[in-house]
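For reference, chains read A, B, C, D and E in written order, and residue numbers begin at 1 within each chain.
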Amino acid sequence: MGSDIVEIGINGIKLVLIFLMMVQAVPILVWVERRGSAFIQNRLGPNRVGPLGLLQLLADAVKFLTKEEFVPAKGVPFLYYMAPIFALVPGAVAFSAIPMATPLLIDRFELFGQMWGPYTILFQGYEIGVGVVFVLGISSLATYSILMAGWGSGNKYSLLGALRASAQIISYELALGLSIVGVLLLNGSFNFGEIIAAQQGPLAFTFIGHTVTVPFLPNWGVFYQPIGALLFLTACFAESNRLPFDLAEGEAELVAGFHVEYGGFKMLLFFIGEYGHMIVGSSMFIALFLGGYHFPFPGITPEVLRYYATELGYGPQGVSIFTALILFLSFFVKLALLLWFFIWVRWTLPRFRYDQLMDLGWKTMLPWALANTIITAIVIQISKI
Amino acid sequence: MLNEAWIEPGLNHYLMLSAIIFSLGLLGVLLRKNAIVMLMSIELMLNAVNLTFVAFSKYSGNINGQVMVFFVMTIAAAEAAVGLAIVASIFKRFKEVNIRFFEHLKG
Amino acid sequence: MDHQTLVAVLLLAPLVGFFINGFRYRKHNHLVAGAIATTMVFISFVCSILLFLNLTEMKEENRRIVVSFFEWLKVGNFKAEFSFVIDQISGIMILIITGIGSLIHLFSIEYMHHDKGVAKYFSYLNLFVFNMLLLVLGSNLLVMFAGWEGVGLCSYLLIGFWFSDESKAAAGMKAFITNRIGDAAFLIGMFILFLQFGTIDFANLNGLAPSTPTHDWLNPLTIACLLLFIGATGKSAQIPLYVWLPDAMAGPTPVSALIHAATMVTAGVYMIVRLNPIFMAAPNALLVVAIVGAATAVIAASIGIVQNDIKKVLAYSTVSQLGYMFLGVGVGAFGSALFHLMTHAFFKALMFLGSGSVIHAMHEEQDIQKMGGLKKYLPITHLTFAMGWLAILGFPGFSGFFSKDEILWMSYHSPMGHPALWVAGVLGAVMTAFYMTRLMALTFWGESRVPKNIHPHESPALMWIPLVVLAILSVIGGWIGIPHIISEILPGHPANIWEHWLNPMITKIPGLAAANPQEEWTLMGVSVTLVLLSSGIAFIFYGKASELPSKLSENFGGLYRLLVDKYRVDEFYEKALIRPFVWLSENLWLHVDVSFIDRCTHWCSNFVKGAGAMARTVQNGNLQQYAMYMALGLVVILSYILMR
Amino acid sequence: MLLSTIVFLPIVFGLILLAWPSERTLRPLALAFGLLEFILSLFLLHLYDPSTPKLQLVENYLWIERFGIRYFLGIDGISLWLVLLTNFLMPITILASWKAIEERVRGFHIALFVLQTAMLGTFLALDGVFFYLFWELSLVPMYFIIGIWGGTRRIYATVKFFIYTMFGSVLMLVALIYLMLVTQEVTGQMSSSILDFYKLDIPFIQGQFLSPQSLMFFAFALAFAIKVPVFPFHTWLPDAHVEAPTPGSVLLAGVMLKMGTYGFIRWAMPIFPEAAAHYAWVFLFIGAVGILYGAWVAMVQPDVKKLVAYSSVSHMGYIILGLFSMNEYGVTGALYQMLNHGISTGALFLLIGMVYERTHNRVIAKYGGLAGKMPMFALFFFIALISSIAVPLTNGFIGEFLILLGTFKAYKAVGAIVVLGVIFGAVYMLWMYKRIFFGKPGELVTHDKDHPLHDLNLREILVLVPLTVLIFWMGIFPGSFLRLSEASLKHFIANQGNYQLSVLEKESSYPMALKESNYGN
Amino acid sequence: MTTDAFLFWFLALVTFISALGVVVFANPIFSALSLVMTMVTVAALFATLNAFFLAGVQLIVYAGAVMVLFVMVLMLFDLHKEKKAFTQGAFSGSVKLLLGGLLAGLIVGAVSMSKELYKAISDQAVTNSATGIESTKALGQLLFTQYIFSFEVLGILLLVIAIGVVALARSKGGTHVK
């Protein structure tokens, strides 16, 4: 966590900031979703509260907070209350493990009459060596909030919804996990930082000693692992229970799935959880396939940025902060675009049937992911000759 | 007793913790009637064992312990799957998961 | 033809006949089957004569033909060749066997012409001749034993020839098994001889026989001789194994004539004569032989007195006559015994065939009470039968007279004999005379008691020709062995050819005193007188319809019944041997096998099952209990490790 | 390679049968295979050199190095004839099962072939573990043969058979392992080769039963004794025979029982010479008791097959007796009697099977007068019978004579008692023959509307003729058989206390053996 | 008290409480959720022992898959709070309790008394501790070289079990149905 109290404090604050960032992204996303869906469906969407309906969120928040608190008669109160809270946790914890920019360097400074530093602050919640595994593990815990909600509500629709959702999540977790094995094999690492660092610069295939460089394309994972990327993205949709995989909520069949008994703020928490999933999935996709915080132009590398910053006259601390912010911007744009993609898909595609969903997961994606893994392994082994 | 050496976690601490968890799991197996809970208790015991493996692995600097954990996990997963399938079969017939109903398996 | 070929033909001709008739076993033509069989035996007979002539041409010192075909069995020191010897003894034997054999075959053709299994019958008969030849020709004990068992087998087959009759089949079985008892003893005797002398070849054995006799009862030689004698009692129907012979009359009558009178039953005598040097070395064994022979002669004759079945009478007579032979052997008069063997073969075969002719005429009726006065229906049979009758009586001049008298004389005169043996012999002769006369009287003489529906008729020529031949032989057969005292008074002093012929083969009786002619005459006179007297009484009793026999039987009721019941020996054997063994077998089976051993095994399996059941209570399916045991074990092991 | 081929070819046959498409041609094919195997084994006669007791045609490869277990096949004068007997009986058995086995024909023949491999392997294997493998393997097909194609109480019988024999062999396994450990102690290299076992000097303490050699000997002996079976362990045999189908009975009596006696002569006696000599009285006793007991019990059996089964007990008693008389007569006779028993009892079982096919009944009391209806059958039965009761000029006589001679030479009293067996053997056989074939026609013979009693057909005569020929051939020319075994048996007797065998080096004598082979006499 | 110590004691406490919860909760759902908690804390303990990869796997496999299965099954069976969650029999119950206690006591006692063990191993412990990435790499290399056979066997086992479980689950009404 840190070597002294200040560093620990800084890291703690950073964690809170990242959490808040995720949480605060949700109202915006809700707005985007509503406006976007309206746009897609050729209607207006929320436009009464504030400019472009931007304040709709606030109004909603107020409404959520003032709603009546109740527990279903046959429910289990503890689980009923725990479920929405728990829904937040995996997303937040997982999101914190993804680096969003290069680290910040902080020079020695004086505080409370004492000299501190210098510190290197990572632009992520915390660094874990096996970040990919960690993220996968944490996000797999998301099922529990669904199951708790479904069970705690004491409602058969919610229970069925919960079971559907968790079965779906478990099923797609396999495809999810396998689809990124190719990337992991290519990079030989579980570490996000290493994976992202490997994706900078122009695209350069190396095969049996021959290197083919494509100068106008970035060295992103998606070019090496197109199938993996496609599978991963699809699985992400399923993992976050969004259309076309939102069988758990299937309004027509199960009313609204596991959160049918929820309302008000607790409902909001579920929303946050869902969007959190989207954010985590997108971030991971970015980190693994879209070069992380690197620019899509192979020419603009962190070194180049640092060089410009030094030219502009910043000191080392300033350079790192400048670079980090620029790169974060890159990351943020990618994230926003991906999130929009999620929303876009949701309002474009119809829903699967449940058996189609399972068939897709087990009979199509899993074999493809396996094949992808094996082929990748073979190709790597051959290229090493 | 509560001196510095005792508070700093070492191998012994992990071992004791795992012993206690193991015993708890054992008690669960011995005492609970619900077959599923018994299976879970077995998982608990396996986890305790895994913990010792990892602890030994760390404190002896030998990675083999972790390999063992990996195997144990796999076996545990398999065991849980089979156990649950059997429980499901029994439940389908008797609408009960009481372990006593498993005596019918003895034929 | 050289000797080997001759012997081979001699042996194989009956065997070929056996195979030919055996493969035609379904055919019913008695003439064809009989012709084949008779021809084969006749070929053998011709070979025998040729061989015998060869033998006579040889020098007396090595008058023997040895023919070896192949090595039969050789293991370690034990060596038995499939080889045959023709010397003075076996030369006579093959003549008797093939000669009488061919006559009887001839007789059988007509006798069996009604029978469906005639081909089978002749094949058996041929097989018997083959085995009998094997027996007498074998140059060692093993080959002899092969024939020994082989004739028993044929006897079994022929006695049980009409197998659909239960009692006849049983008689065959009885014969075989009784013989088997003797054979077992024979085997051990053979083993002892082999272990003693290291050979089973007759020539070697006789050569190795110790010249000084041993008087030790437990000497291996004595034991071996006794065991061989037990074998002989089985084959030759002596006490205690004679019981099969009367029953064996169940077979066709020619079979009785051939097997159970002329040839097979004399095998025991032949065997002892063949091994006479060995037996001479064990005088104790010979004593037993003599006593048993004398006892058999008397007892069988006494039974014969009251029998009503014509064949049974002859059977007991055979047993009795065989007893004489053993008496002769027992007192060391091997030559006389063999002589009696031959003459007996003539007249007993004759009488059996004669009885066969009678039975044939009477349509299978065998009870002499239902005969009588057959003289006028069956003149030739009667005449020939009478010749036999006189011969067996020992009427002076007839063959039986010479041989029987010789034995009686020797039993008295020989240092190995005893006056008591002579008395027994004479007693036997007297009784023989009585029942034989009774048989004659009841069958041929007196008034006819033939049932109305039977019309006796004389037999066809094929049947009476053998009778005539045998009758002639019965009369003149004894003339080749006329004792010195008689030949002295006869014109031309005919030599005792027999004694001269056999001399080299027979061990001299040690310490035999020179014959006292006066003594010999006296004894001869006594016996002949008694015999004639006895037959006279019998004639009076039965020749005319007299009340005397029935009165006598009433007065001596107990004795009469005992005799009719044949001393109840069969019943005794049944009770003392057969029943206990069957009882033992059943109990062994039911109580040892089923109830004990099987129960033990079941107990074992039940024990395992029970232990399993007990252990199963622990394994009651309560999973938690199992887990508890595991935990308990864990705790115990841990505490043991820690407390250590 | 010849021995391997002979041993494993039947399994290959079994596999071919397994895949054979046509049900109809199954039996002829199996028969052809059986004949092929027999003809193949006749080559042994040519290749075998009878002048030496050494092991010949040896195939010796290390199989499991760690335990010194070898793939070790070899032949000598003792096993030669047993191998030939096995292969001789097999085509006959197949031919005899033509009508007897109606169901699951394919499986039956496969079982037969597997059994053949197991039996041949038992006779030819010269490595302890290898031997044990075949020994146990033989149980399995027989278990199925009795258990599937048997009579009404077949399950009881087959389980009894299996457990009885298994019990003994497990003890043998223990002893085998002990021996292997001893070899390791002595030579430093574990080995289960019989040649190494022969070399061992296992401590024997006179009069102390718990000395290693005695215990090992009895462990081996028990396994063999149960298989033979000798007197107190025989009760599985009648049950197994009664329930087994005819071919099963033939092979069981004909060959499998010989595995036990062969075990004695090959394993138990030479490896533990002192114990074998010291405890010979035990086997003489149970052998003698077995002879009489078997004969007595056979006498009162109501079931023909059971009678013959008990007669087997009696006959096997002779073999044990011959072996433990330990002189050349006894041992030679025992070996010869093994063959005799295989042929004569095999023939008896075949004959019983033939009449059983017609009447579906084996109760003696229900027969009677059969000789009138089926004269040919009666004739063949009689021939087998006289062989069984050891009438001279048949094979049985030679064996029994030698055994009795050997026994009498070694132990006079035992020999004298055992001779009674000759009498009782005749008693039960002839009594049975009388009750079945003679007398008034019994109920099965008269009421034959359901089961017409026709005499033997050509196939059945074909089955019986080879056996009949052998019965007389072996009885009249025993030399042609004993000649080949003489050297081995002599060697066995001469080196009683310290039996050793060696391997004949590569057969350069092959053409010579071919030249010398003259099997006439 | 360092962060490490704090983390350990905190995790140990949570582990213990949640493990106890597994055993004592009468409602199997709560037991299952407690077990999930235990799994997560054990994963965290793995992390404190530098076994990051295993921690992740623990989360994925145990918490993410196995326990979900349990919870799903429990929910499907609709098991509520049980009146008699524990087996009857005061005597056998107390014996079992005693056994459990004895086992724990024996091990804990033995471990706490065995200073030698602690010293001998912990001396070289700190110096040798690998970082997360290195340990993962080492683990992978071991798994695919030395333990490759076991690994493959496990794979086959899993395949077999997958098939078997499907068969078991699809069979209607267990073994007693004709």
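Simple rule for what comes next: contacts are C-beta pairs under 8 Å (C-beta built on N, C-alpha and C of every residue); 3 or more make two chains touch, one makes a residue touch a chain.
None of the values given here were measured: they were computed from a predicted structure.
Common neighbours of chain A and chain C, listed by label, are E.
Path length between chain C and chain E in the chain contact graph, taken as the least number of steps between touching chains: 1.
Ranking every chain by how far its Cα centroid lies from the centroid of chain B, the top place goes to C.
The greatest number of inter-chain C-beta pairs in contact is found between B-E. Chain nearest the geometric middle of the protein is D, using mean C-alpha positions. Compared with chain D, the chain whose C-alpha mean position is the greatest distance off is A.
For this pair, chain B with chain E, the centres built from the Cα atoms lie 5 Å apart.
If you average the CA atoms of chain B and of chain C, the two centres end up 93 Å from each other. Distance between chain centres (mean CA atoms), chain B to chain D: 58 Å. Taken residue by residue, chain E touches two or more other chains at 53, 57-58, 65, 69, 87, 96, 99-100, 103, 107, whereas all remaining positions touch fewer. Residue positions of chain A with contacts to 2 or more other chains are absent. Multi-chain contact residues of chain B (touching two or more other chains): 26, 30-31, 99, 104-105. All chain pairs in contact, by the document's touch criterion: A-E, B-C, B-E, C-D, C-E.
Every residue of chain E that touches chain C in the complex is listed here, in rising order: 87, 92, 95-96, 99-100, 102-103, 106-107, 109-110. If you check the complex, the residues on chain B that touch chain C are 26, 29-31, 38, 99-100, 102-106.
Of all residues in chain C, only 624-625, 628, 631-632, 634-635, 638-639, 642 touch chain E in the complex they form.
Across the complex, chain A meets chain E through its residues 1, 76, 79, 128-130, 133-134, 136-138, 140-141, 143-144, 147-148, 150-151, 159, 162-163, 166-167, 170, 173, 177, 189-191. Chain contact summary for the complex, chain B toward chain E: residues 7-17, 19-28, 30-34, 36-37, 39-41, 43-44, 47, 50-51, 54-61, 63-64, 66-67, 69-71, 73-78, 80-82, 84-93, 97, 99, 104-105.
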